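Below you'll find the structures, each written out as structure tokens.
Okay, so chain A shows up in both of these, paired with chain B first and chain C after.
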Partner chain A sequence: MKKILLNRDFILFSIILIILIAVGFANPLFVTPKSISDVLTDTSILIILALSQMIVILIRAIDLSVASNLALSGMLISLLSTVHPELPVYYFIALSCVIGTILGVLNGISIAILKVPFIVTTLGTLSIYRGLIYFVSDGKQVYSNEFSEDFLALIHVKFLSLSFLFWLAVVVFIVIYVLLNHTRFGRNLYSLGGNPDAAKYIGINENKYIIMAYSLSGFFAGLCGYLWVARYSVASTQIAIGFELTVISACVVGGISVMGGVGTVLGCVLGALLIGLIRNALPAVDISQFWQLAISGAIILLAIIINTKTEQRKEKTIMVKN
Partner chain B sequence: MSLIPEKPPFKLLDILYKKEFILFVVLVSILIINSNISPYFLDLYNLIDSTFLFSEKAIIALTMTFVIIARQIDLSVASIIAVSSVVLGYTTSLGYDTWLVLLLTLFSGALCGAFNGAIITKFAIPSIIVTIGTMSLFRGLAYSFLEDSYYNKFPKLVGKLGGGYLFGYIPYAFLTFILLAFVFAFILHKTSIGKKIYSIGNNPDAAQYTGIAVDKYTFVLFTLNGLFSAIAAIFLSGRLSSVRPNIAFGWELEIITMVVLGGVYIYGGSGSILGVVISIFILGMLSFGLGLLNVPGVGIIIFTGLLLILSIGFPSFVRTLRRKNE
Partner chain C sequence: MKLELKNISKNFHGVKALQNVDFQLQENSIHALLGENGAGKSTLVKILCGVYQPDSGIINLNNKQQSIPDPSASLSLGISAIHQESVMFDELSVTENVFIGNHITKSNGLVDWGLMQDKTNQLLKDLEANIEPNEKIKDLSIAQRHIVQISRSLIHDADIVIMDEPTASLSQKEINELYTIIRNLKKQNKSIIFISHKLDEVIEVCDEFTVLRDGELIKSDSIQNTNKDQLITYMAGREVNQIFPKNNVTIENEIFEVRNLFKKTQFKDINFNLRKKEILGFYGLVGSGRTEIMKSIFGITKLDEGEILFKDQKILIKKPSDAIDQGIVYLSEERQQLGMTGLMSVKDNINMAVMDRNSNFYVMNTLKEIKNSSAMQEKLNIKVSYWSQLTQSLSGGNQQKTVIAKWLSTKPEVLILDEPTKGIDVRSKSAVHEFMGELVEEGMSIMMISSELPEILGMCDRVVVMYKGLIKDILNVKEASSEQIVKLASGES
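Let's look at the complex of A and B:
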């Protein structure tokens, strides 16, 4: 029983419940099924991206280029849809995923083969991919009336009164849960992150896993490229700018250690939900939108401090730092 | 190079392989190409004015060099600029004396930096994650204070510092950068402080065992980085003569690009101020030249990103190939 109470994911879940109840008292409209389903829809893209970022963070890396990747894939398929509105929507989704994967593989090659440190690589591609959006679109926007009906319709499909986006996030959650917990690929990712040297000695090909992790991250960024464009029915050079930091924050709040090899899939989803909940709850309790950024920043700091405190308690340090 | 045959060949190769030399060759070729393409490039006044585009970032790049050599990173510098600019505008609006306004602005920057340093050292958390958090926190504080308004009144001195010239020729921001570059080069390469920073970056644990107060150094470096962000904030606010909370958005990446392109190893332990200074000029002259050719800012963004990856990727790729051949 005590073990359950001290479980990270359980604590996170309780915090989410407490916030929900507190906001509900302040503004009962916020806890109606309709409003909660809106929050879930609004957080779905964040959940998908946080789950794919988790794969990268597990092997002690970070992918800062996801938001630029998302925006570039989204822009490319939007431009295509203005020229060929007759193509079925599944074609666009598949294409977006392929573009995203290619951009992810490029990251992976730069890191694994060219040996450019991951921060430098993904900082660089963050600029390059974002710059390419201006290049392909000439700085113009694609507006909602330029998309085909089919392109935008899928996102509004509902099942059991919950949105397509939400169900997609559930599917991605299950896929990544199985991938990380029940396959050799997942186990090897954890061991590479936990102890890269030991992992190499037992024959895990580090380069292969780096490229695979980044291509998965790219794949889901591409998928979210379609989702983002379809949900907000606009593609511009500015979409999702800075969103990579929100994604990383969700992982960190969810207890994924940036030192690698530590973190659960459930925790990651709860982290994303907590951040999504706070973003949506602030307007409900009349806190100005201008405070949102500062509050998110404070929460990230608090979460990492708590994370590190609990992690450090487990290991004994030999050396006393001055 | 055959002009100096009396030197032993291996030393010649040493110079050729030095990062600073390669960077210098790149800089010279950019200057030659630029002046051939555009007749306006080699105009002295144009060249002087082009320094306005990078001097503020360059000032922060100096302390960022120290931070990265010590195996840390600071993503919050641009947000600190936002905080300090808001403090600058607010204290001016309260009618404080110029010196007090400047003092409080500098203090706000140093305080933000110290906050980073305290969390990083106190809780032993990687700086990349802490500064991702404070990047939102500091920028958010600027937003919540200023909301959608702006400041456009600053002390006269600030306007003069931001847009003025010494003796009518040398911009104050550029002059400050050059003077500070000499000071920082001296500290890093000629004093024991510099040696300690290198050893912290090479192996923090070993540095700790040899009696270097690693945490103290880390804390001071982050505080200094905050202070220099405030200095940049003063120049920038004076130049723009308007402060909104989104001021200097995205600068942290440009500043880190300056440092890393200058040959400072992102995982610490190596690099030089000379390399960073040359890379600052490369990036500055590149964007100035591309601007003269009417290449939009986007082209410069893509080019900078490619330059960053290739400048590190190409040498290491060649090294790997050579190792395979042996």
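Let's look at the complex of A and C:
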């Protein structure tokens, strides 16, 4: 019983419930099914990106370029759709994923082969990919009336009165869950992050895993590029700016250790949900916009403090009781 | 013959770690590999594991010559080692640690957790170990971790299992359980290389033995043809062949004393004193609590109980700067990590601990700094190519001297040296020894942790022998025999 109560995921889930109940008391309208399904839809992109960021964080790295990657992939397919509005939407989704993957592989190659530290590499590509958007778009926006109907329709499909975005996030959750828990690839990511030296002893090829992790992160950034553009019906140089920090916060809140090798897929999703909930709940309880950023930051810190306090480190033992 | 090593030699920067060593492991036998710290056992094991490459020599496995270029080659040849240092994944389950890098997959490519779980369960049952396959490694005791490592080598189908001091931190009950497991392994036709400092257990468990000393083969024979005393003589019995320039100084009055130091799970009942101009040695196996005591005295970790007296005054040390202010300094064993900043110049490193003395109103006085560092460089003969040379580009010996210079700049009265000559070449070693002698002559008192018996015997006036967090005895070095010290340190008397 005690083990369950101290479980990170359980604590996080409780925090989410408590916030939900508290906000419900202050504003009953916030806890209607409609409103909750809106929050879920709004958080779906964050969930997908947090799950793919988790793969990278597991091997002791970070991908700061996801938001720029998302924006660049999104802009490129938007520009293409203005020229070729007749193409089917699946074509754009696939293309966005391919572009994202290529951008991710470039990160991976720079880190694994050229040995540029991951923080420098992705900080650099964060600027490069964002800069390329200006280059390809001449700084102009693609407005909602310029997209084809087909391009924007998919995102509004509903199933069981829940949005396409939500169901896609569920699918990604299941895929990543299986990948990390039930494939050799996923398990080797955990061992590589948990103890890199020992992982080499058992013959795990570190470079291969770095490139794979970054290409997966890029793939999902590309996917979210389409989702973002379609959802907000606009592509501009400014979309998702700074969003990488929200994604990383979601992972950290979700108990994915930046020291590598630790974290559950469920925890990651809960972390994203908590952040999505806070962002949506604060306006609902009439907290001034000026306070929202500071309060959500404070709640994130609090969640992390509670999280780490439950982890007790054991002291090393020299004397042995015989 | 299962495994045969012929004429293996290995040098590290001119230090001969192994010299023409022969080693033969019979089929179906438990072979003890014996020797003091630094005798070359670990180097030999690392060669077998593919971590080091021998400079010369031949490895024959099942009468076929083999090379072991990397760890995975070693594994695929059926050699598996249970290391002292952790090669486990703390956050992963027992099952996963057993199968790591070797996960069983179903036909659809997914990992077959059920089958792995069952196999681990069966394996642990065969080993008569009471471990849950679902537990995380970080929640296991050291004995249980060893068993998980043994299970891993069984899964890899290893014919040769190397155990590096598997009983070092185990209780008697756990040790007996491990013996049963080792004997079971032998029944399953495995050959075992068993490294241990505990000679009683070697005689009880092993069939053959090989003793190394200073990287050379001393004796290899069947256990039946020897006894404990003879083994001790093989290991320790040598003349002190290095020159230890400990000058004869008159030891004066007591300057430093500790009473009843206690820290939970680490050490207790620690009482000793240090006299002016004395060198007090601390000998024991790695992990016997020596470093932990010194860290507590220096204020890096907190004592649970006990008092420290300096010049007959009770002093309170809460943090390292308190100790430095009193004139007590500690030179860490991990000089790369804790003693110096490799990316700073020698001058900056030397002045690091005395910044407040070299500054006026928080502004550094560069002239004072240069004066201090050049005086120290001259005194310790630290060789730098140019004045701003980075410390990390110096040789190990010069790095060690830089760390010493840093602490000497604080003008201490009590110097605590933790393995001061670990991993440096012979010439630098004797330079450090010579320098220790000079310091004592100038009136300093030194406490030195060392795992090298000749160093203790050559340099110290008295030696504190430790075993598992307890002081076994404090001996006068002139009257003590090396056999006696080795015995005490392995907890055998």
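Definition applied: the second predicted complex is superposed on the first by the 302 of 322 C-alpha atoms of A that agree within 3 Å, B and C clash if a C-alpha of one lies under 4 Å from a C-alpha of the other, contacts with A are read in each partner's own complex, and residues count from 1 in each chain.
Definition applied: contacts are C-beta pairs under 8 Å (C-beta built on N, C-alpha and C of every residue); 3 or more make two chains touch, one makes a residue touch a chain.
Values in this document were obtained by computation on a predicted structure and should not be read as measured data.
Please indicate which partner A:G24 is in contact with in the superposed arrangement: first for chain B, second for chain C, both, or neither.
A:G24: touches no partner chain.
Counting only touches as set out at the top, which of chain B and chain C does A:N188 meet: first, second, both, neither?
second
So, does A:G203 touch the first partner chain B, the second partner chain C, both, or neither?
second
Can A:I128 be said to touch chain B (first), chain C (second), both, or neither?
In the superposition, A:I128 contacts chain B only.
Which of the two, chain B or chain C, is in touch with more residues of chain A?
More residues of chain A are touched by B.
For chain A, what residues appear in both contact lists, the one with chain B and the one with chain C?
319, 321-322
Chain A touches which residues of chain B in the complex?
Contacts found on chain B: 73, 119, 123-126, 128-130, 132-141, 143-144, 147-148, 205, 208-209, 213-216, 253, 256-257, 260, 266-267, 296, 298-299, 301-302, 304-306, 308-309, 312-314, 316-317, 320.
Sort out for me which residues of chain C touch chain A in the complex.
Per the touch definition, chain C meets chain A at residues 71-72, 75, 86-92, 96, 100-103, 105, 109-111, 113, 138, 169-172, 264-268, 287-289, 292, 468-470.
In the complex, go through chain A and note every residue touching chain C.
178, 181-184, 187-188, 190-191, 194-195, 197-204, 261-262, 314-322
Using the touch definition up top, name the residues of chain A that touch chain B in the complex.
It is residues 62, 110, 113-117, 119-121, 123-128, 130-132, 134-135, 139, 245, 248-249, 252, 258-259, 288, 290-298, 300-301, 304-305, 308-309, 312, 319, 321-322 of chain A that touch chain B.
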